[in-house]
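Two complexes are shown next, each including subunit A; its partner changes from subunit B in the first to subunit C in the second.
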Partner chain A sequence: MAVYLFYLIVFPGLLFSAVTGAFLSWFDRKITARVQFRKGPPLLQPFYDFFKLLLVKETILPKKGSPMMFLLAPVLAVAGAALASVFILLPLFNISSGFKGDLIVIFYLLTIPSFSYIIGSLASGNPLAAVGGSREMKLIMSYESTFLLFLAGIIVKASGNFNLYSVISIQQNTTPFIGSVSGILLFIVGIFCIQAKLGLVPFDMAEAETEITEGTFIEYSGPPYAMIKLAKYIMLFILPSFLAALLLNGFTLKGINILWAVLKIAGVVLLLTLIRNTNPRLKIKQAVSFFMIWMNLLAVIAIVLAYLGY
Partner chain B sequence: MSNKFLIPIGPYHPLQEEPELFKLYCEGEIVKDIKWETGYNHRGIEKLAESKTYDQVFFLVERICGICSTSHPFAFANAVEEICNIEITNRARYIRSIIGELERIHSHLLWVGLAGHFLGYNTVFMWAWKYREPVLDLFEMITGNRNSYAMFKVGGVRRDIEGHKIREIRKVLDEVKKKTDLLTGAVMDDPVIHARTKGVGILTKEDIIDYGAVGPTARASGVAIDVRKDDPYAAYPLVNWKVITATAGDVFAKAEVRLLEMYESISIIEQCLDGLEKEKEGDINIKVKNIPEGIGTGRAEAPRGEVFHCVFSDGSNSPARHKIRAPSYVNIATFKKSCIGQSISDATISLAAVDPCYCCTERLAVAYDMHTGEKIMNGADIIRASAGQTRLIMKNLKMKV
Partner chain C sequence: MNEYFLLIFLPVVAGILLFIVPDRLKPVKGIFTVLVTAVTLILAIIVYSYKSSKFGPGNLLPGFLLPSTLNPSIESFFTFQSDALARLIVLFISLFGFLIAVYSLAFRGTGSVRHYFPWFLITLGCSYGAVLADNLLVFIAFWGALGITLYKLVQGESEAGSATAKKTLILIGASDSIMIVGIAILWKLTGTLNMSEIQVSTGNAIACTAFIALLIGSFTKAGAFPFHSWVPDYAKDAPASSSAFLPASLDKLLGIYFLARILTGLFFPGELMTLLLLVTGTATIITAVMMALVQHNYKRLLGYHAVSQVGYMILGLSLGSFIGIAAGLFHMVNHALYKSGLFLSAGAIEQNTGKTEIEDLGGLSKAMPVTFAAALIFAMSISGIPPLNGFASKWMIYQAIIDFGAGAGPANKLWFIWLALAVLGSALTLASFIKFLGGIFMGRRKDEFEGIREVPVLMWLPLSVIALFCVGFGILATGVIVPRIFMPVTGTFEFSGLWSAGTASLMILISIIAGVLVYLATGIKRFRTSDSFIGGEKFYDKAAYPAPEFYKTFSEFRFFRVLYKKAEEKWFDIYDLSRNAVLWFSHLLSDTHNGILSSYVLWVFAGLIIMLIIML
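== the complex of A and B ==
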C-alpha cells in the first residue's frame, strides 16, 4: 500500500512530474522568449509563480455560481493528471507494478484535467468563462476522437497489444515506431492532439487572452489557480513522455541513454513550442474541422498503412 | 425573451490598452448586437487649448494621442496657417512630411504587431515592435524625442535636418524596408492568418460612405480617400506617390493596405530627402508676428485617417475656440456593420482592425442610472464636483481659495 502511495505522490507521480513539468515550462517560456527577441524568465520562475499563487495571493470566490464545484475542479484536475502520470511513467521507467499499462485507461485519465477545467469554468458563473468552457467542450469533442484513432494506430502497430509495457518493449526489441511511414503520420497526429490537450496556440481558444481574457480560468485566483498551474505543469511533462513511449521507443535508463531520454522529451516540447510560436490562434470552428476532417483522415490513413505493414 | 447574453470587452480588457467598453450581445458564439461606451478618458483638451498660447497648443495637441502624435500638430499648424494666410518654406514642408511619414511607418508597424497579438500570434507582435525601434531611434536623432516630437510651430518647424542626418535616415530606411519585406511576407503568405482574417469584418464601399469612415479602413474597401491627395498640404504635392487601396474590405485587406502604405511612406521620405538636399540649410521657419482674427480649418492624414482641426481666432494670442475631430470618431461607428453576425473571435479582430484610438475620440459622456434611467452625472455636475474637490484639497493644504 505504502509503495503505491509513494508512486502516486512522490515518484513518478505528483511531485516528480510536477517538478519536471515546471522545468519544461521554463524551457518552453525561454525558447518562446528567444524566438521573440526577449530575454526570458530565470530557471526557477515557474516555481516562483506557483508558490506566489499558493502562499501569497488570496482566493476570491465568485458571488454567483457554485463555490463547491468551483474549488473542487482544480483539485480534480491535479488528481487526474497525477494519476495519469503514474500510469504513463511507471511503464516508461520500467517499474513493474500491479498495473498492466492499459492504453484505454490512460486515455480516460488524460481527459480528466480538461473536463475539470470545463466544470470549474461553468461553476464560476462568468459569461466569459462560459464561452471558454463551451469552446473547451467543442475542442475536446473534436480532438478526443482523433486521439483515440491515434491510439488505435499504435495498437495496430504493436500488433494488437493494449499494454504500454509491451508497446515499449516491442519497440526496444525491434525498431521505434516512428521509423516507418505510418509512424511519422501518427507522430504528426499525436503532436497536434497534444498541442490541443495542452491548450497551446493555435488551439488556445478556450483561454484566448485577447478575446475572452483567459476564458476558462478568468475567475480563478490564489491557491485554486496554483492547482491549475500544477495540473498544467504535470500535463506538459506526461503528454510528451506518452508520445515518447508510444512512438520513440521509450526510455532506457542506463548510462548515456539517460541523456537520450531527456533529449526526446525536450525535443517534443521544443516542437510544441515552435508550433505555438509560428501560428495565430484558430477559431473554434476551424479547430473542430481541422481535427474532425484532416487529422482523422490522416489517422485513418496511418492505421491502414500500419495494418499493411508500412 | 431571447437567450442573448452580454460579453463585455472593457472597461479594462487585454484586447485594447485604453479604457473603453464594448458590449457584445451574443447568442452562443455569434454577436447579435453591439453597443459601446467611451468617455473614460476625457481630458478636456479643447477647453484647455483656449487657455494656452498658440505655441503651447502644439505641445498640448501632441499629447492627444501617443501614437500619431504628429498628426494633431500637423492639422493644427495647417489651420493656424490658414488663418494667417502664410506659405511656409519648401524646406519646412519637406521636414514636416518626413516626420509625418516616419510616424505612419511606426504606427503601421505597431498595428501589425498588435493585430498579431490579438490573433494570438505573439511572435509577430514582438518582431514588429522590434523593427519599429530603429524608426523611434531615428525620431530621437531628428527631433530629440522618441515620441511627442515637438517639431512643429506656426510658420515652420523647430529643428532642421542637416546633411549627415539625411545620410543616417537613408541608412535606417533601407533597413526598415528589408524588415517590412520580411514582415509582409510573413503576414501575406501565412495560410493560418488567411484563414483567420479573410472574409472577416467586411465593410462594403456603401458602408464606408454611409458611416463616413476614413483612412486605411476606407481605403481597404476601395474608397480612395486620402487627405494627402484630396487636400494637399506640406510636401505631398511636390512628391510622386499613389494612394493604396484594396477592394475586399475585410481585416486582411486592411492589413494589406497598411503594409503597402509603409512602402509608399518610405518612397515619400526618400523623395523628400532628395528635395531637402536641393534646398538651402537652415531655411525652416518664417516669422509670424501675430495671429489675425478669423477661422481656419486644417486637415492632416494621420495613420488612422483624417484629422480635422478648426480654430477660431479673435486676434489674441490663444485660440478662442478649438474643435478637434480624430479619425477614430467616425471609424468606431463602423463596428455596427463589421461585428454583428460574426463570432466573438472575429468580432474582436474586427474591432482591432480599424486601429481605434480612444483617447483621440473621447468626449464628455453622460451616464444614466441603469434601472431608473435617471441622469446621474452631466457636464456641469462633473465640473462642479471637480471644482469642489480642488477647493477641498486647497483647503486641506491651507492654500488661499
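== the complex of A and C ==
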C-alpha cells in the first residue's frame, strides 16, 4: 500500500511528473521567446508562478455559480492526470510492480483533465467560460476517435497487445515502431492529437486569451488555478512520454541511454512548441474537420499499411 | 420451487387486487406495492443462490391449484427454467422494482397515470414470467403482456401522451407478431418450443429469417436502431418513474436477456449475422447519440441515450467470446443502474421546477445537492469516466473487440472501425451529458429558483442507493463483480487488459482528499465571492450562452444539417415510415372504389379470372 502511494504521489506520479513538466514548460516558454527574439523567463519561473498562485493569491468564488463543483474540478483534473502519469511512467521506467492500466485505461484517464476543466468552467456560471467549455468539448469530440485510431494503429503494430509494457518490450526487442511508413504516419497523427489535448495553438480555442480571455479558466484564481497549472505541467510531461513509449521504443535507463531518453522528450516538446509558434488559432469548425476527416483518414491509412507490414 | 411461483404470481395477483382499491387511497396502494416489491426482492435474493433447474407446472403450482389429471401434452408446454442468466436478471429486476416503487411513493408525476401501482406490479410479475419461461409460447405470452403494461404506464389524457402510447403499443405489438412468426419457423425447424432444447445454425435462409424475426423482437424491446423510435417519445411523455422502470431498466434487462438467449442458446450466428449485428450496434450508438446532442427536452435526451447505450450491449454480445458476452451483460446491468437513476433525477427536477426544457433551468446544484451529486455520478458513469461502472463495462467491451480483431473473418479485420465508433459514441455521450449537467445544475443560478429545496427523502434515497451501486460496481468490477456475478453466467475468462480497479479508485479518492486538504491548508480564509467577470460588461440574460446551444457547430456542417433535417421530418422513424407505407397502400386500394359501376364489374371479372387460373 505504502509503495503504491509512493508511486502515485512521489515517483513517478504527481511530484516527479509535475516537476519535470514544470521544467518542460520553462523549455517551451524559452523556445517560444527565442522564436520571437525575446530573452525568455528564468529556469525557475514555472515554480514561481505556481507557488505565487498557491500561497499568495486570493481565491474568488463565483457568486451565481456552483462553488463546490468549481473548487472540486481542478482537484479531479490533478487526480486524473496523476493516475495517468503512474500508468504511463511505470512501464516507461520498467517498474513492473504496482497497480496497472492498459492503453484503454490510459486513454480514458487522459480525458479526465479536459472533462474537469469543462465542468469547472460551467460551474463558474460565466458566459465566456461556457463558450470556452463548449469549445473544449467540441475539440474532445473531434480528436477522441482520431486518438483511438492512433492507439489502434499501435495495437496492430504490436500484434494485438494493448498493454504498455508489451508495446515497449516489443519495440526494444525489434525496432522502434517509428522506423516504418505506418509508424511515421502514426507519429504525425499522435503529435496533432497531443497538441489538441494540451490545448496549444492551433487548438487553443477553448482558452483563446485574445478572444475570450482564457475562456475555460476565466474565473479561476489562487489555489484552484494553481492546481490547474499543476495538471497542465503533468500533462505536458506525460503526453510526450506516452508518445515516446508508443512509437520511440520508450526509455532504457542505462549510461548514455539516459541522455537519449531526455532528448526524446525534449524533441517531442520542441516539435509541439514549434507547431504552436508557427500556426494561427483555428476555428472550432476547422479543427473538427481537420481531425474528423484528415487525421482519421491518415490514421486509417496507417492502420492498413501496418496490416500490410509497412 | 414455490419461490418461483410466488415470484411470478404474487405481483400479478397483488396488482389485480389493487385495481379494486380506489385511486383516492393512493398512498395505501403505494405502500402495499412497496411491500410486495420488498417481498419479491427477498425472494429473488433467496432464489439467486439456487441451482439451475427446469420445472413444469407440477413443481411450480401448489397442489390445490393443480387439476388432478393434467394432460401431459399441456405439461410439456408449461416449462420454466432457472439458469444462472435467468437468476441474474430476476435479481436485478427485483432491485429496480423495489427502488422505483419507493421513489414512486413521493413522486407526484405518477398522479397522471390511472392505476399506476396495479400496472407497476403486473409489469413486475410478467417480467419474472418472461425471464423464467423456457417454453417460447409461455415466454411470448408474458412478453406480450409487458407491451400492454408499457402502454398503460403512460398518461393517456394529453394528446402527446396518447399519441406516444399508441406509437409504443403499435411498434411493440408489431415486433411481437414478427417474433411469433420467428417462433413458428423455429418450431417447424426443430419440432420443439423449449428454448433449452433448441440450437440452430444460421446457415440457411429459413433459419436466418427466424433469427432476424426474433432479433427484431429483442431490438424493439431494448430499443435498438432502427426500432428505437418509441423510446425517446416514451421518455418525454411518460412520468419519469415509468421511464426509469420500463425503457431504462426492465425493457433493457429483458431485451438484452432475450438477445443473449438468441445468441448463446437458440442460434449459432454465422459470420454474416455477426457483421449485421456489429453494424446495427455501432449504428445504434452513433445515430442515437447524435440525436441526443441536439435535444432540448432533458427527458427526451435521456431517452435517446437509452437507445444509444443498447448499441454497446449488442456489440459486446455479438462478439461471441466469453468476455464479450460478460461485457454486454455487465453493460446492461450498469446501464439499467445509471439510466434509471438519471430518469429518477429528471423526475426530481421536473417535480421541483415544473420545467422540461434545459434552457429554462440552470444553477440547481446548490438547491438540490443530493440529486446533483447522484446525477453527476450517473453522468460520469454513462460517459465512461474511470473508475465508475460505465467505464468498467466499456473497458471490457473494448478489449473484447481488440481480441475479436485477432480472428480471420471480414468483420474481425474491421475491428478498429467498431472500436473507433464505440469510442466516438462515448465521447459524444460525454458531450451530451455536459449539456445535461451544465444546463440543469450548473451555469448561472436563475432568480426564479431561489426558493427550491431538495426533493423528499423517499425520492433522493433510491437515487443515492443507485449512485452507490454505480460507484461500487465500478470499484469492485475486476475483483468481485465480474468474477462472482458474470463469470458464472458466461464461463470463466481472463481479462486481456490491465486495470486494477480497486487500487486505482482508492488512489483517486486519496488524491481528491489530498486536494481538499490543500485548499483547507492554503487559503480557505482568503476566499471571497464575486459576480462573473465578462470583460467589464454588465450581465444581461441575453448574454448567456445556454447549454443547448453548445453543439450547434455540428449542425452547421452541411452533411449533418441534411441528416438532422431528415431526422426532424421523421425519415428514420420506422413508425412513421411504415405508417406512410400503409396509408399509401390503402390509398391505392381506395382509388379502386371510385363508385362507377363499370369498374366494379371489371374488378369482379378480374377476380373471377384470377380464381379460375388458380383453380385450374
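Heads up, the rule we're going with is that the second predicted complex is superposed on the first by the 306 of 310 C-alpha atoms of A that agree within 3 Å, B and C clash if a C-alpha of one lies under 4 Å from a C-alpha of the other, contacts with A are read in each partner's own complex, and residues count from 1 in each chain.
Please note the rule applied: contacts are C-beta pairs under 8 Å (C-beta built on N, C-alpha and C of every residue); 3 or more make two chains touch, one makes a residue touch a chain.
For clarity, every value in this text was computed on a predicted model and none was experimentally measured.
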_Just to be sure I read the superposition right, which of the two partners does A:131 touch: subunit B = first, subunit C = second, or both, or neither?_
both
*asked:* Once chain A of both complexes is superposed, is A:102 in touch with subunit B (first), subunit C (second), both, or neither?
replied: second
*Does the superposition put A:202 against subunit B (first), subunit C (second), both, or neither?*
first
*Scan A:211 for contacts with subunit B and subunit C and give back first, second, both or neither.*
first
*Using the superposition on chain A described above, determine whether A:38 touches subunit B (first), subunit C (second), both, or neither.*
first
*Using the superposition on chain A described above, determine whether A:284 touches subunit B (first), subunit C (second), both, or neither.*
both
*Which of subunit B and subunit C A:189 touches, first, second, both or neither*: neither
*Of the two partners subunit B and subunit C, indicate the one touching more residues belonging to subunit A.*
C
*Report, in rising order, the residues of subunit A that make contact with subunit B in one complex and with subunit C in the other.*
127-128, 130-131, 134, 213, 284-285
*What residues on subunit A touch subunit C, complex-wise?*
4-5, 8-9, 14, 54-55, 58-69, 71-72, 74-76, 78-80, 82-83, 86, 99-102, 104-105, 107-109, 111-112, 115, 118-119, 122-131, 133-134, 137-138, 140-141, 144-145, 148-149, 152-153, 155-156, 160, 162-163, 213, 218-219, 222-224, 227, 284-285, 288-289, 296, 300, 303, 307
_In the complex, subunit A residues that touch subunit B_ = 32, 35-38, 127-128, 130-131, 134-135, 201-202, 204-205, 208-213, 277-286
*Complex contact set, residues of subunit B against subunit A*: 5-8, 13-15, 26, 28-29, 116-127, 130, 190, 192-193, 195-196, 343-346, 348
_subunit C - residues contacting subunit A, complex_ = 363, 365-366, 372, 376, 383-386, 391, 395, 398-399, 402-403, 405-406, 413, 415-416, 419-421, 423-424, 426-428, 430-431, 434, 437-438, 441-445, 496-500, 503-504, 507-508, 510-512, 514-516, 518-519, 522-523, 526-535, 539, 543-545, 547, 549-551, 553-554, 556-557
